[in-house]
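Got a structure for you, questions after.
Order as written gives the chain letters A, B, C and D; numbering starts at 1 within each chain.
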Amino acid sequence: MHAMKERVYQANLQLPDWALVKLTWGNVSEINRELGVIVIKPSGVPYESMTADQMVVTDLDGNLLEEGGLKASSDLPTHVILYKGFESIGSVAHTHSTHAVTWAQSSRDIPVYGTTHADTFYGPVPNTRQLSQKEVEDAYEVNTGKVIVETFKERGIDPDAIPAVLVNGHGPFTWGKTPAKAIENSYVLDEVADMATQTEQIGGKENKLPQFVLDKHYFRKHGAGAYYGQG
Amino acid sequence: MHAMKERVYQANLQLPDWALVKLTWGNVSEINRELGVIVIKPSGVPYESMTADQMVVTDLDGNLLEEGGLKASSDLPTHVILYKGFESIGSVAHTHSTHAVTWAQSSRDIPVYGTTHADTFYGPVPNTRQLSQKEVEDAYEVNTGKVIVETFKERGIDPDAIPAVLVNGHGPFTWGKTPAKAIENSYVLDEVADMATQTEQIGGKENKLPQFVLDKHYFRKHGAGAYYGQG
Amino acid sequence: MHAMKERVYQANLQLPDWALVKLTWGNVSEINRELGVIVIKPSGVPYESMTADQMVVTDLDGNLLEEGGLKASSDLPTHVILYKGFESIGSVAHTHSTHAVTWAQSSRDIPVYGTTHADTFYGPVPNTRQLSQKEVEDAYEVNTGKVIVETFKERGIDPDAIPAVLVNGHGPFTWGKTPAKAIENSYVLDEVADMATQTEQIGGKENKLPQFVLDKHYFRKHGAGAYYGQG
Amino acid sequence: MHAMKERVYQANLQLPDWALVKLTWGNVSEINRELGVIVIKPSGVPYESMTADQMVVTDLDGNLLEEGGLKASSDLPTHVILYKGFESIGSVAHTHSTHAVTWAQSSRDIPVYGTTHADTFYGPVPNTRQLSQKEVEDAYEVNTGKVIVETFKERGIDPDAIPAVLVNGHGPFTWGKTPAKAIENSYVLDEVADMATQTEQIGGKENKLPQFVLDKHYFRKHGAGAYYGQG
């Protein structure tokens, strides 16, 4: 449990270092499905004074497991739903990074304009539909998780191939096998979002990356045929 | 008085650290209504050489209370009017932060495009009308304060719910219970302004946040039903 | 002479610290009209290895006065013409700062959109006409200086009131009584240019600052009636 | 060989310091045609833990020369083709820098809008055609090199005069006599790309730099008549 808390703590600290999070606007969690635990950042605690010990431990439904601890991030119910809906993932990250939020606010998917995108995300990064008034008023954070899972199910997207989503009017969630990978995906997502915005400013909107380049770049880094890195 | 000067000093120093202020373009003050004093940054003193002792102490009308001290910020009369018009506030901050100024210069309110905005500001951040020539030539800084208060009164905006304003053609003022909160609102405002500009660049102008999401996000952080943070 | 070299050296070093200059793309000089000398940065020397001693000393026509010294900045002839044309100035700075260059490249003056601009520049920052082929091929740097002086003369602009210019297709020159003031004007110019670009992106192009606000802001910081700062 | 590895290592480290590379998205190589060796960054190794010793040594066809070493950057075949096609160059650099990628994604050359561009690149920076599906599926990295060389040959561009290219939908490659020069060209390219994007935002698209200014600026820094720097 100590190592798990330490990983979650370090990943949370990396977010402001990468300028993806201002104030306390972000959170990272990790799940251990065998042990039946989730570890997540406490709610509203400043990064400067946060310690690894303060990471909050819950069961797989988000119920607190340690007495006397801090309150979990208010986004915990979203994380719980993502872990239930996406069975292969081991960590979830949420930020309000500037460029990803911009796209979330625009109600648009991020198109695949280049190989920087294709190296990490195997297709456009989807934007969810807006939640209904009822979904917002009843169990808002749960329904945020549900609309993400719904988006991937209905559009037939594999969450391992596109480990990121934009929640309409809100911001990005990303995930991965580990906290390090989940936040790396947040980092890449924001850069890809920035590049896409600027590409459109200079008239590049029609220049989508061909599918065969998307295939090439994604699969030279992922899967059985990958040949990038020392792996 | 020493603790008050220290808080005002620290809040002023935070502004360049957050890249909200260049050179000497900003000021923060705090009021103690029971003691009848306002403490504010001196005018035109570089941040690097400024000391807590140099903070200027005035009465509630802005008259200097300490002999031999420095001149107060030239924006002091604006702060005085805000304290008189908005009785619940304890601190005022003024910056020329890039993105908030951009909106001030555009003569537009900042629309609510997302939850990053809604978490802090319960509605569009208002832009004042332009001052008339007479208002500028007679008691410019006083009239800057008056047009802010007028904007909130005429449009029925609660200054505790939207603790920020854009002065047309000039820049932002923000406020809060404490100096720490007043400058935090300056920080959030600039980020929200940047996100709004970029959202419009990619065609998101029609995607305003629904009122029920604004309600949800604002009230999960503020008021009796709040459940964000450890509070 | 040592103090003059030190001031010029420190001002040159400040430019990369303020992110106004990449590599060796900038230069600052100072004139002492009574002693008949100009001190300027050497050409193409990296900032990291530069020393105050290496600053180059010339007469008022730009002829080297110290044997064995380094070559002066290739922009020296432009500085010389500016000192001859603008008799009240004591220092000239040249950068390729991103946002000021953007406006120089656009062939447009920077409009006065707000008080951040008005606090330093009493009117639009002018863009020169393009040089003719003959002017470029014969004494390019001299003619760059001449077209700046011509711009101010023909348009009746006081170089003390607007201490900055955009050379069409090239970049900004700024000036002041001292090197510290000349580079401060470079710093403000780049920020004002950035704010102007963003203001136009969100539709603020029609919202020019009224003349009476420009008057108010400029004269509360400059001239006999100034009341900003401790002066 | 040690000095060559050290130069390649230092140049690779400079890329994240200049904010041109995130994560492991970049690589620099150097060639010694007499010794018949290329030294290049290993694939996917984080900059923080990388050592000079880990630089990979190959022959002029990209075959590994040292047993037990790391795998070379997956972009090595592109570097090899560039060294074969451009016989005067001594180093190649590849980044995913934000603004250069933006132009690569837009399928447009970077126009010459100003002297900042002209000081380094003697004409528009070309964008390649898109690769065909067959070219991507068969020897992608080799064909990336070939389409760059083809672009320069077919358009009659001298790779010493314009030491940079945008690979359509991917990103920039730059080169030079040395690793220090190759990465400097990456640095200048990204700044020039940023300035070009912003110039177009404010309506400067028609204001191309005249050929005679391009000539003047390029040749005052390059070739027999150069007079910039201490050279």
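The rule is simple: a residue touches a chain if its C-beta (ideal position, glycine included) is under 8 Å from a C-beta of that chain, and two chains touch if they have at least 3 such contacts.
Chain labels with UniProt names: A, B, C, D = L-ribulose-5-phosphate 4-epimerase.
Remember, it's a predicted structure, so these values are computed and weren't measured experimentally.
Engineer: Taking only the C-alpha atoms, how many degrees of rotation bring chain A onto chain B, rounded to the nearest 5?
Structural biologist: The superposition gives an angle of 90 degrees.
Engineer: Hey, how far is the Cα centre of chain B from the one of chain C, in Å?
Structural biologist: Those two chain centres are 33 Å apart.
Engineer: Determine the centre-to-centre distance between chain B and chain D, using the mean Cα coordinates as centres, and give it in whole Å.
Structural biologist: From the centre of chain B to the centre of chain D is 46 Å.
Engineer: Can you pull out the residues of chain B that are in contact with at least two other chains?
Structural biologist: Correct list: 201.
Engineer: Identify every two-chain combination in which the chains touch.
Structural biologist: Applying the touch rule to all chain pairs gives A-B, A-D, B-C, C-D.
Engineer: Quick one: in the complex, what on chain A touches chain B?
Structural biologist: The contact residues of chain A facing chain B are 22-25, 42-45, 70-71, 74, 96, 98-99, 101-108, 130-131, 133, 136-137, 140, 168-171, 196-197, 200-201.
Engineer: Quick check on the complex: what are the chain D residues that touch chain C?
Structural biologist: Where chain D meets chain C, its residues are 113-116, 119, 184, 187-188, 191, 194-195, 198-199, 201-204, 207, 209-210, 212-213, 216, 220, 227-231.
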